[in-house]
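Each of the two complexes below includes chain A, the first together with chain B, the second together with chain C.
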Partner chain A sequence: MWTRKASFTFTGGIALILIGMMIANLQMMILGLTFIAFIVVNSWISGHGDVEVQRTLSADNLYKGDDLYVELLVTNRSNRNTQLLEVYDNIPHEMKLRSGLNQMRLNLKPGESARIRYVLRCPLRGHFSIGPVSLRSRNTFNLGVDEMYVDHHSDIVIFPQIKEVEEAFLRSRTPKMYTGATTLRTPGQGSEFYSLREYVPGDPFKNINWKAFARTGDLMVNEKCRDAVTDLYILLDSRDIARIGTVLKNPLEMGTVSAASLAAFFLKRRDSVALAIFDDSLSYLPPDTGDKQYFKILSALAGVSPKGNMPLQAVTNSLSGRFSRGSPVFIISSCEGDGTVPAAVRDLVGRGHEVTVLSPSSIDFERLVSRIPRMSYEVLKLERQNRLTTLAGSGAMVIDWMPDMDLSQALMQVRGY
Partner chain B sequence: MLDNINLNYRRIGLQVAFWSVLLVLLLSVLANFVNLSNTNQLSAYDDDWNDMSAFRQDIKDMGIQTNSLVSSPLLLADIEDPRNTTYILAGVERDTLSLPQFDSDGFITIASEDGYSPSEIDAIVEFVDAGGTALILDDYGFAGSIAQAYGVRYTGYQLYDTNYVEELDFNYVWMCIQSTPCGMNGSSIDPDTISVHERWSGSLGEGAHPCSLLNGQTMDLDDAGLCAQHWKDGEIQYNATYQLLLNNITALELIPGVSGAFNDVSIRAVTSNEATVDVNGDGEIWVGNEQNSETPDLWGQFNLSIEACAENSCDPNDGGRIVFMADGSALINAIYDYEGFNDPNNPLYGSNDCVTNNTKCIPENDNRKWALDFIAEALMSSKIGEKGQPSETAMVIFDESRHPQNALLADSYNTVYFLLVYFTGEGLAMLLLFLILFIAFEAVLIKKRDPEPWRHVFSIIYYGFGDANRYTYYSKTDKIRQVFLSKVRNQNGLTREEFHAMPARELVSLINDPVLAKFAIEPGKYSLEQTVSVVKRIKAWGRT
Partner chain C sequence: MADDVSIQADVTVTGEISPRTLHLKMLRKQWQIISLQVIATIALIGMYLEVVSTYVVGSIDHTMLFDTIEILIGDQLPIGDWLTGEGRDGMSRFYVPIILGLLLGGGMALLAFQTPKVQQRVKLGFIITLIVALVGQLLLSWLTGMLFSFSLRLPNSSELSSLEWPLLMIMSLTILFLYLLPVIMGVRGIWGLSRRSIAWAIGFTLLFLGIHAILAFPLINGQLGSYGDSVNIIGAQFSDPTIGIFGLMLVTKQQFALIMIAVLIMVFQESSYGVIRYLEYAYRLPESCKRDPEYVRQMDNVLNTHLRHTFGFLGLTGIATTIALGFHSVLLGIVQDSTGSQWAGQISESIELSLTYGLVISAAMFLSVMAILRFFVPWERIWGFIYSRRNPEVITQGKEVVEI
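After this line comes the complex of A and B, so read on.
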């Protein structure tokens, strides 16, 4: 592609030739021809973007707010100089360049390499991709520009932030809720023997019961009792209404942070944690323990986006068969725009679950972006308090979570209205 | 990657399709100007029997540079030495492109249908004014506009004369370059009626042909130079008689009352007194004392060649001159080089009746002698010691711009070249070209953008989300009352049914605040201040 300079030179050349013909001025025509010849000769001497690119990231998974170190190795694999080559690593606009530059101007000799290093800060959770690498080669006099790209992508997942949750907060406010480690009489990962069963491909060899094999002639494996305090269910409201507020402060963002923090807290205690996210549909992660479950939960939370309007009662109804009896249930929802919340909470409490409603105050998030008239705000707050009072009256523990409040602070408020 | 390749192929395919359609459109437009069915003839660069290659070759052999003009006579304005340049136009077979231009009055006009645009005619006139020599050979073509510039008109009707070649047919007419008509004696021209070229013979006292000055001088043929056509037996034997053979001719007229570019206009050749002109073109001659519908044709003596000169002397050193002849084919190979045409052993221009049957042979004529004398007078050097030799800058230009070409690309090239010359030579077109160049510069300035420098922009869209419509709803008294009653119900742990079944008195006692009780039970209008006050009371209610 010609640059502006080349276009001017070309148009000027043509104009000089034509005007030279008009006024029969040979010198002018020769000057015009020189301009055209200059363009033609320059088009022969062009650079290229035949380079190999390799990107190295400091991590594939990060927590929101963490820094990502990126290194780009550019190698000229051809037998020609690249001439003036601009290399630009495309990074998502949601990421902030903290240090270094994601671009460089190079003139690489054959086989020569160059490294571009920069640091990104990731203020938003989600699934992101760095790349492709854009290349722009110019010829010597900047008359021609060619743009191309190397289709090299690096995917990264930004998990929600994990906030420290003080055990004391939960204990002090809910002394009966968590009764200490108990062995569940269901098969799973644990330490106590549960039963023998036949070997199936994929079972670890260390679980094979060699004595039973010697006795029966069939490969048998030991099954263990699931070793967990209890199953904890987290229901996260990801409906469209959860986007109220700013992109960094809204019920959904706070919900993902609290869900991730609670999951981290309980998984560290070797509890089983299940996660249900409801928006326009329900996605459910069955209860499990360990790092794998932790990673699964964080991955699920990273990809959450507000959409749909699924009522809470539909969620609890569809999951009621899967809830372990008496297990605690955390509902993270603003409880706005859903008339089924009281009934759903009442049902759960009625079935013996310890229900905690962590409710980001959506009206206060809305206040961050809209000028709500004072009186309307007061009435809306009153209505919200009525709603939370109703939930508390149903036997749930309710937390009214204000935007400027830390999670641990919010958890301290667990109280019955 | 595969997608990219497919996309690339699709893009290339689209480009090919686009340019193909454009090319087809362009060719169809060009086809409007290019008459492909016409046979190329009268070209100095083709060697068919009806072309003029022999004449051009003779000129080249004399050491004179020959050039073709394929675009437009506008280029004559760029000739550096018109004095030593001869412009030859034989047969204008094609009209000019109809393009807008300024006329002599300064108005915009579309080029007329007379073959040459006003600018081109001006260029020819200016060339001759500047000392150039022009030879216009035409009959039924489009040279009329050039002739009119000199007060001459091609009648455009076929002319028949009693001086014709019987062995051939009545289309082959003899023309004697002399002031009086020549006549026939049997099948050949009567020698008693043959005279000499009025000017070249020197009978007018000045303007004698330069070769006549060498008359009688002994020299080798190589030294004879431009007078080699008069060389015989080792010396120059100048003879000013010219019997030219013409084919399918028309007549020339001096336009009455019209003064052309030159005042000195002379008739150089005429027909016999018994010549006729087929005015209605029916192939029959009906003449009478008067020209009417029954006798539409004309009878008498007509002009065949007219010469216009800048000065009375017609000397090339004194100014330019232009010669019109009423036949476009006077110099075609078959007539000009009749020996080569008739030669049965080595026919130079293909088979013909003369070669095969010894019939219809072209008779001996002076066409070659006259043409070369014309060139000799125009281009002979006037320097001492160079008599008979062409001047250093001598050049003959054959106008090929109005000859249809056999090859499509050749005609397209000519058309493009013509447009180029038009846009750089014609006033209006130059104005238009300036405008186009200006617009092109503006377009480049405005539209052409260099690629933006790359930079990373950190941008989180701080979208807001709220429902401003509900704010009004939440400030209405009814909604406030509903919220308050819900608070009362919740505060007292009542179900909806219990609450609805509750008597008003009991509700009042539960509320225990006369203002709020009245607000809860008696719907009424509240001012803004009252509503604000009520909301404050509701907020405080139940705290103690």
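After this line comes the complex of A and C, so read on.
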């Protein structure tokens, strides 16, 4: 395709020839003819050689906020030069270039290769695709331009960030019925003997093994195997209302981070974790342990987007039959726009579950993007407090999570639970 | 064996590593960039000299204007003849002014790279010097005159005559500046990386050619009377061609000069704009890319290709235009030689053919055939094949730069 420059040169050439003919001026005609000849000679070279593109990523899965290293290998597989080729690797607009550049102007000889290296920062979780690779070839004098793309994609999943959870000692009051299903080789609270160890101040006296003390002369205590595996159920609110706030700070983003962090914490403790995400429908991941479950949960959380308006009671009604008896249930929801939340929580508590409501404060998130009059804010805040108080009155542990509060700091509210 | 191991280009004898980067400071000293700038400068001077020799010298050149002014004022102009080229013949009248123009353009380019503070000081200094040169002598003599005579008065005629020299000097320099405007602006644009200055240089040249074409138009030229006689008119009809290729005489010397003007304008334009384009690209690259050996290597490739294409394509453009202009005679020669018919001879002598219409139509025919040829002859594949024959091994990336 001709560029604007080529079109002007051609039109100018024709105009000069015609004017030159009109006023019998040879210089103008020759100037015009030279312009046309320039276009004609340059038209002999068009397009570019066959280019092969190969992209290598440093990882297929990353955590939010991590850096992704990308290398694009461009090779000229044809027997001709590529001419001036602009290579542009299309990156999702959610990702930011941290160093390097995703484009290069190059001119490859037959068989020659060039590497484009750049680093992307991934500030948002989700499923992304890098590519296609756009190519724009120009001739040296910028008279012709051809645009095309190589349909080469690299998929990448950005998991939610995992925060350190140290103080969330959540445990089921009721031991699991089938304890033997998962072999635990970790010390903890339980009934089965695990090992002997030296007494350290703070150990309860009832754990002292007096026989061992009599035999060795040193105070020794019995250490027990963890005799129960907790099933933890995480219910994540992904309704449309969860998008309130900025792209990086909204109830859903905070919810995914907390869900991922809790799942990581409990799975590390070899507990079973189940995840239910409700938006316009309900997605349920049955409880399981291990790295595979961890990966499944993170993948599910990576793909979450705010949509729909499913009430919490519909979720609890459909899942209550699947919940293990007495298992803790974690509800991560702003509790806004859903009148069924108190009833659902009451129902779960009534069934013997330990319910913890982690509620990102959506009013404060809204404040980040729009100016709310002080009076309105106070009223809304009061309404929210009343709502949370009602939930707490139903027997649930309620955590009011402010936008600037760290997850572990928020979870301190359930310490000693 | 020892000869095989040589120091890398980017490693100094003392062992220090000086990797090549795409920082402007370094890139501006790169041989390809300097070559392109030199080519552009040579093309500019060539173009100017061609235009001057074809249209200006002995017709409307500055020395003739200076002579006329000297006759009018009845005195010599304050600017020296060795500077203006007065008293010399032909193109030698322009040699010293061109050098002056190059120096002035170079100085302006140099000034463009100074800090704004220095630029401001130089400009201020220039203005003050100009004012002092213009009215300094007048003010000094007038004020001291008033001081010694203790009277308030207007400057007298002898004091006012001190304005004559600076005014004539400034006028002479302005005339010289106008004549040298393409050179001054062109050099400033090439070395000072100014698109606007390059456009000025090309625009002024084209404007001159346009005005000349209008003044040379018979109807207008006739109205100019004796002034019209001084306009150097190039007729549309030419004598027998004397310049050609492969033994075929295609164009006359005068036509060839006109082709050279057109080609040199394009060489100047493409080289000077090319330099700015590539430097702009390098400037916009992030720091990490400027240090990336891959970017450095590809910049080398792009610049080398530009240099090759400047010679190749613009040379071919000149040849194609030359053949196109002489194509009618070639065609008729072939017909005459192959058929021996009288028709071809009669046609070749017809005035319509040698005049614009026949010439342009045959030239357009030739260029059309050339344009269509791209669909039949795979030029790029042929060049690629030649390249592959010359470089049978697969090109591997040579480590020309040190990764840091």
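Quick note on the criterion: the second predicted complex is superposed on the first by the 348 of 417 C-alpha atoms of A that agree within 3 Å, B and C clash if a C-alpha of one lies under 4 Å from a C-alpha of the other, contacts with A are read in each partner's own complex, and residues count from 1 in each chain.
We take it that a contact is a pair of C-beta atoms (placed from the backbone, for glycine too) under 8 Å apart; a residue touches a chain by one contact, two chains touch by 3 or more.
Just so it is clear, the model here is predicted, and its values are computed rather than measured.
Undergrad: Aligned on chain A, chain B and chain C: do they clash or fit?
TA: fit
Undergrad: One more residue to check, A:His93. First (chain B), second (chain C), both or neither?
TA: In the superposed model, A:His93 contacts chain B only, not chain C.
Undergrad: By the touch definition at the top of the document, which applies to A:Phe38: first (chain B), second (chain C), both, or neither?
TA: It touches chain C, and chain B stays clear.
Undergrad: For A:Asp155, select first, second, both or neither according to whether it touches chain B, chain C, the two together, or no partner.
TA: neither
Undergrad: May I ask you to decide whether A:Val145 touches chain B, chain C, both, or neither, giving the answer as first, second, both or neither?
TA: The answer is first: A:Val145 touches chain B but not chain C.
Undergrad: Answer with first, second, both or neither: which of chain B and chain C does A:Gln27 touch in the superposed model?
TA: Only chain C is touched by A:Gln27; chain B is not.
Undergrad: Look at A:Glu383 in the shared chain and tell me whether it touches chain B only, chain C only, both, or neither; answer first, second, both or neither.
TA: A:Glu383 contacts chain B only, not chain C.
Undergrad: Between chain B (first) and chain C (second), which does A:Asp406 come into contact with in this model arrangement: first, second, both, or neither?
TA: Once the two structures are laid over each other on A, A:Asp406 reaches no partner at all.
Undergrad: After superposing the two complexes on chain A, what is the shortest C-alpha distance between chain B and chain C, in Å?
TA: It comes out at 5 Å between the closest C-alpha atoms.
Undergrad: Once the two structures are fitted together, what part of chain A is touched by chain B and by chain C alike?
TA: Residues 19, 21, 24, 97 of chain A touch both chain B and chain C.
Undergrad: Can you list the chain B residues touching chain A in their complex?
TA: The touching residues are 1, 77-78, 420, 423-425, 430, 433, 437, 440-441, 444, 448-451, 454-466, 468, 470-472, 474-475, 479-480, 483-484, 486-487, 490-491, 493, 531-532, 535, 538-539.
Undergrad: State the interface residues of chain A toward chain C in the complex, per the touch definition above.
TA: Residues of chain A touching chain C: 17, 19-21, 23-31, 33-38, 40-46, 49, 78-81, 83-84, 97, 99-101, 104-117, 139-142.
Undergrad: For chain C, which residues count as touching chain A in their complex?
TA: 209, 212-214, 216-218, 234-236, 255, 258-259, 261-263, 265-266, 270, 274, 277, 281, 285-286, 288-289, 292, 294-295, 297-299, 301-302, 305-306, 309-310, 313-314, 316-318, 320-321, 324-325, 355-357, 359-360, 363-364, 367, 370-371, 373-374, 379-381, 383-385, 387-388, 391, 394-395, 397
Undergrad: Under the touch definition given earlier, write down the residues of chain A that touch chain B in their complex.
TA: Contact set of chain A toward chain B: 1-5, 7-8, 11, 14-15, 18-19, 21-22, 24, 86, 88, 91, 93-97, 102-103, 123-124, 134, 136, 145, 147, 151, 243-248, 250, 366, 368-370, 372-373, 375-376, 378-380, 382-383, 385-386, 389-390, 393.
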